[in-house]
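The structures come next, written out as structure tokens.
One chain, chain A, links the two complexes that follow: it is found with chain B in the first and with chain C in the second.
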Partner chain A sequence: MSNPFDELGVDPRMSVKELTEVMKRMAERAASDEERERIQSFWRMLTLRERDRLRWAFLAHPRPPAAEATSVDALREAVPTVPVRAKFDAPVPTVRDCLDGGHQGDNFLSPAPRWDGWDQTD
Partner chain B sequence: MKWTQKHEALLSALRGDDTIPSLYRALSHGRYHLDEDQVARLRDWVRSLATDPAWPHLERSLDSLTAWPETWNSAVEAGFSPLSDHHNALVLREIAGRFASDGDYKSALRLYIWHVEAFQRLFATDYPLNFVADVDPQAEGWEPKDVFTGIFRDETEDLIAKAKDAYATQTIDRGQLKFAASCLDFVAKLQVGTTDSFGAMTAWKASAVSGKSEISRIAQKRFDDELDAMDWTADNDTIAAPFERLSTLTAALTPSEALLVHVVTETVEVLWKIRHVGNDESDGFKRILAAIAPLNEMLAERVLSGKAFGHNSKCADFMVFEGELISEPGPRSAKFKRGLEVCPGHRNCLMLLSYVRLHDADVPLVQLETLPSITKAVPGRKALYGRLVGEIESAIAGCEEIFAHNKSLPEYKERLQKQKERLGME
Partner chain C sequence: MILKRAVGIDLGTTNSALAVMSPGGHKLVLFEDSFKRKTFPSVVGWHPEEGHFVSGWEAWNRRALDPKPVMSIKRRMGTQRAVEIGPNELKPDEVSGQILSALQAAAEPALKAELGIDELEMTDAVITVPAYFDAPQIEATKRAGEMAGLNVLSLVQEPTAAAMYHAWNRSIGDGTFLVYDLGGGTFDVSIIRSVTGEYQVLGIDGDNFLGGDDFDRRLAEHFRQHLVEQGYALDLDLNDSDDAVRFYLLTNLARETKEALSSADVHYVARRDMFEDQDGNLVTLEMDLSRETFEGLIQDLVDQTIECCKAAISHANEAADITMADIDYVLLVGGSTRVPLVRNAVQDQLCSGQTGAGEPIGDAPDTAVALGAAIQAANRGGLTWSEEDASLTVTTSLYTNDDSLTILGKYTGVEDVESIVLLDDTGEIASLSRPQAGDDSMRFELDGIEVSTRGDHAFDLELCDEEGDPLFSVTLPVRRGRDDEYRPTGSALSNPSVLAKDIYLQVTADGRADRQLLVPRGSGLPCSDTFRFRTADSSGAVILRLFQNRFPIRTIHLAIPEDTELGTPVDLNLKVDETMTIVADGEVAGQRFWAQIEAPPPAEERDWASIEKLLQDVEEVQRALWGYEARRFRQDTDLLVAGIRETARTDPDKLQALVIRLEDIVDEFRNRETALTPAWSRFEVLLDAIKRIVFRGDGGRQLGLSTAEWRDRLGSIEEVGRTAYADHNQEVWSQTFNQVQAIWESLAQDEFRFSSNTNPGEQVARMEGRLRELIDELRSEIGGFARSLNPETRVLQDKEIASIEAELAAKIEDVLDGMDLDEMPPNHAKPALDRLFENASLLRRRLERLPNIGVVSK
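Up next is the complex of A and B:
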């Protein structure tokens, strides 16, 4: 017999109340009457007798934290992302920029020529 | 960017999806696979394993099927967390079931034993107690230990049913019988430590012991019924069947002393019956001996270790029948000596052993008897042939020491004396 917790992917440690809420939502979203009946059957298996719930819970695989969705795609979508900045060469202001009265040349973003003639003895 | 729980969840899922199929395949010797849904259900297993000391042992052998089962053993030695062992027990049990359904009982037994050991480790911790606290069942008129006892008792019942089912057929399903019996035997021999949450392992062991007894009773009843109805002049397969069936069972299910004694005693009686109807040179007769020999040796060990009393004679009787079929003097002699070890003074063992010793005289006697009478005139005849006389005298003396009432002794003594006189070797 299939384990209801494993079949439905439900956390075995859930309380009866939590199970009822989750399985109710599952039943409401069920694609067919057969699926709905299946979920209801599982709900009965887990909630009619507490000792059965404990038994099924122990024989089910422990589940990861509730925050984890089942599919990798859903998990990917849930991961927060940050915008990626376009990369440009940073402008390098030089003394010439100041001496030329701020003339930057045709393209502000192209690197200005360096002035190699700095005389440190001056 | 901050690493969040969602990142961890995604990483865990990716690792699981990548690793679980390989791990499952490795544990099942490359035979079984999982679908996507099954992989997703097992994600927490790898998430837990990845933090265990056992993990490096498993990870490095995931793609090497030849490295298993040794890999699992080294992983166990390195250590699993209780959460991992919870998963381990469930997965191993599932794979064992699949192997058993497919008739690969050897693999099924190995995985079954691993699953029992995983549960044993688990219940030696507080994990089950904490688990029950998390599930928090409202127990009215029952206790959580009843649930665990029930789980393991159901496992035992399933094995008992398999064993009974295998034993009930005319030509038993030896593989299934051996598997079910071996599993029961393993659980019945569990060493339960001081920590045993909910007494689950103790209860499991007790149910297995009880299961073994039940199967033994069924086996003995069928054995007795078949012997009562048997025609010992029937074909080989028919007369050997009850013994071979029982032997298959006891090879896997360590038999009780009571069963051993009963089977050996009944078998000796049957062997005499078969001899009386003149069927003791048949293959069926030999097959009966071969089937029950291991059980008789188990009984011998228990007698010699002081664990069984009062059954020495039947045990030695069986060894007499065994020894009679052995033609090589060395092994034949060893069998009778074993019988004497179990039952000192056993008359038939002594008698047959004395014959083995006496037959050491056969070749030198014939050699003497074929010498021409003219040998009497040869001056160095005693130096030449004294050795032969010595061997014969030693064999006769040895025989007489073992069993003085050997009926062939007078004949051999007479033959020797006659040659001594004829060849002047007195």
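Up next is the complex of A and C:
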């Protein structure tokens, strides 16, 4: 049987309440009924009995400390909101923009350098 | 544009109710008719002049007219026993379909007016079912909804719905609930836990044939006996239609009296010229009835409900380590919880320190289930706007008590959406480009929407094309409540339904019928599993017979070639979905099959002669058993036999159900095909128990025999038993079974009394523990003893019970409490405890003689 913590990628140190909050978000965003049912079943496995949750947590594979990892929600928040009516005037932010900490002032709005082909002089 | 909101419907035995969650998610609206009545009688009749069905109050008002309307049809759900309604013959699901259809038709205009929305469609529904319903009863309920033209999104168990309502109403986010749901015809108890507003069901128990109607029948029978004493000819046979009407009228009077006694200590019952007795004399009933007398009549029924509560807690303990002390809230649901005896029993046995619960919560007992179903309906269905070929559904609640809100939704339409914008009166507050497109719909999420002030907010949601022009636009009725106005509703994560009873498949083992557990009770729904069996003969057919507990729910018969090899794999997949629909599919010999659960074919009704024969069989089996086996058999059958004798006069439907239950128990102890008593399965249970002790490898010589000697001895006993069973030789079979039982009982005694590998102090401690268990067992047997309905016998039994209870306290419990076992040397303590065991044994023998007290012997 697969370990729910590994399957869902959630932190084994979470309390029942924290797990419930995280898994609720996952269930609400599940792409299909099967996916939602899978999350429901994992939630039941992890929350019915305290000793079961501890056992699964103990057996979960080590993962980077939470401080080093960035949550998906935090990453999403880093994506700037694009005003829709202006979206055709503005460049689409790149992954790098996001990972570098989002837009920095006006730099964000300046168009990305265009590639004009190989430098023919070389 | 049409707004669509799913409704919650409580389809009850006596009354039904319907409710809906307001679009803003902050208000539950219950359907009330023009007279402000909140419930809708679950009654269907026929209007002979106008030639159509009537339901609800209209049918209720026809109960004194011909043709008589049909009531309490829920008791027959899952069977194919048709009822006559005027010139029509309808099956139970069709009658329920009529009730649902009429209720929905009556409620829709009233709720539209109440919510102030003209274009509101309420054809999606969540319907409630008793938690303890069997699969065919659940299927029938779902079919009834479909027959009424409803799109049944889900079925939710009644206690769960009630817990959802009370948690919503009282802003309870975390806690464990015991829901005591005593309706008109069914009793359910569920243990439900809420973790930050997400629900999980931990344990269920109940009785599908126990409810307020039983209280009415007990009282009606009391009236009948009183009238017979007055000289009226009322030896009623309910199979006779005139007698059935007489008893029905007495039951109506009983119901009124029961309701009056909920608030008064004494009620003067007076009804002149109620009907004619069997001699044609007009019957008049006049008597004073005290609440105490009424409570005496129903005490054992209430005790049964408390036992069910303990069983549910025990199931919750198996599933989630829940104990009595973990229960935080006790909820009273169902009209019958208004009976003061019920409330007092719950208060005394569950809310007086045994659990963590304070006073039982019992507001809205008639409507809590429908209101909870409306919460689940809003949760499952969301809020949908539709027009022509496009629709938008917001799947999350638009209510928050926080300063921010997340909106999740999906859009289905022919045109491509390039962006989504949320606007308030100040302009754009959130937007999303390139929403996530699925196969047939587009999902979106707007997170962190600021709702800065309390009260109602109207946000416009626009789905735009690539030019930024709106393709689809709706106004979202968002509401922010007070900080303490937390409204838990559950979400897509909640597991609001579990399987109430085990699902088995009949298999053969060594040519004998046996059962294999497929899905255990308490499994969260949906669930599924795959199994592999093998063909066991060359009959040219594979028969998969599915049971829920002992109740057959579906037989799948597959013809396969006769030359199919023995041992050919039979693959079976079993899936129970969220609406509790059970679907089995699989493959055998290259042939695929699929089957859904359906009501079993109408069972032949047992007449009184066959019931008498069954009762004789019970006595025969009882005589063939002794010791623990006899006690277990009696424990299982005593209440049923008493119930059968009672309902023969008062409740034909319940009578049939009890007879089937009793037949199952007799079959368990005596094989019907071979007519041998006890059944092989009991032999196997005992042998297994013996093997567990003697082969556990702790080096002990149980009863002086080594492991090798035990192996030989058990092997030869099993062989003799097998041969006797195969030859249908009752005499040898009885001898062998008795031998096995004697070995087991001796071993069991040794286990706790003279175990060689423990020190004397431990032996004393174990003896004390066992003795205390024995005291509890005796108390429970005394409490569960079904007293005779005959008043004279009952007096004798009451007297004997009082004497047994007194001796149990004085000669065993007080003595045990007075012994300082820690200080007492073991060689003194053990004989003293032995004497107490002997006293307990004597009391048990007196208890065993209770049913036959006063009966002469040969």
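Methods note: the second predicted complex is superposed on the first by the 66 of 122 C-alpha atoms of A that agree within 3 Å, B and C clash if a C-alpha of one lies under 4 Å from a C-alpha of the other, contacts with A are read in each partner's own complex, and residues count from 1 in each chain.
In this section, a contact is a pair of C-beta atoms (placed from the backbone, for glycine too) under 8 Å apart; a residue touches a chain by one contact, two chains touch by 3 or more.
Bear in mind that the values here come from a model prediction, so they are computed numbers and not experimental data.
Legend: residue contacts after superposition of the two complexes on their common chain; A:H61 is shown touching chain B, with no touch to chain C. When the two complexes are overlaid on their common chain A, residue A:S15 makes contact with chain B while staying clear of chain C. Applying the stated contact rule after C-alpha superposition, one finds that A:E50 touches each of chain B and chain C.
Within the superposed three-chain model, A:R36 lies in touch with chain C and out of touch with chain B [touch as defined at top]. Once the two complexes are laid over each other on the shared chain, residue contacts for A:A27 go to chain C alone; chain B is not touched.
With the contact threshold set out at the top, residues 50-51, 76, 82 of chain A are in contact with chain B in one structure and with chain C in the other.
Across the complex, chain C is touched by residues 16-17, 20-21, 23-24, 26-31, 36-37, 39-41, 43-44, 47-51, 73, 76-77, 81-85, 87 of chain A.
Put simply, chain B touches chain A in their complex at residues 1, 4-7, 9-10, 12-14, 17, 37, 40-45, 47-48, 83, 86-87, 90-91, 128, 131-132, 134-140, 142, 144, 146-148, 150-151. Of all residues in chain C, those touching chain A in their complex are 174, 195-196, 198, 200, 202, 319-321, 395-396, 408, 419, 421, 428, 430-431, 433, 438, 443, 445, 447-448, 464, 468, 491-495, 524, 526-527. Within the complex formed with chain B, the chain A residues making contact are 6, 9, 12-13, 15, 50-51, 53-55, 57-65, 67-72, 75-76, 78-80, 82.
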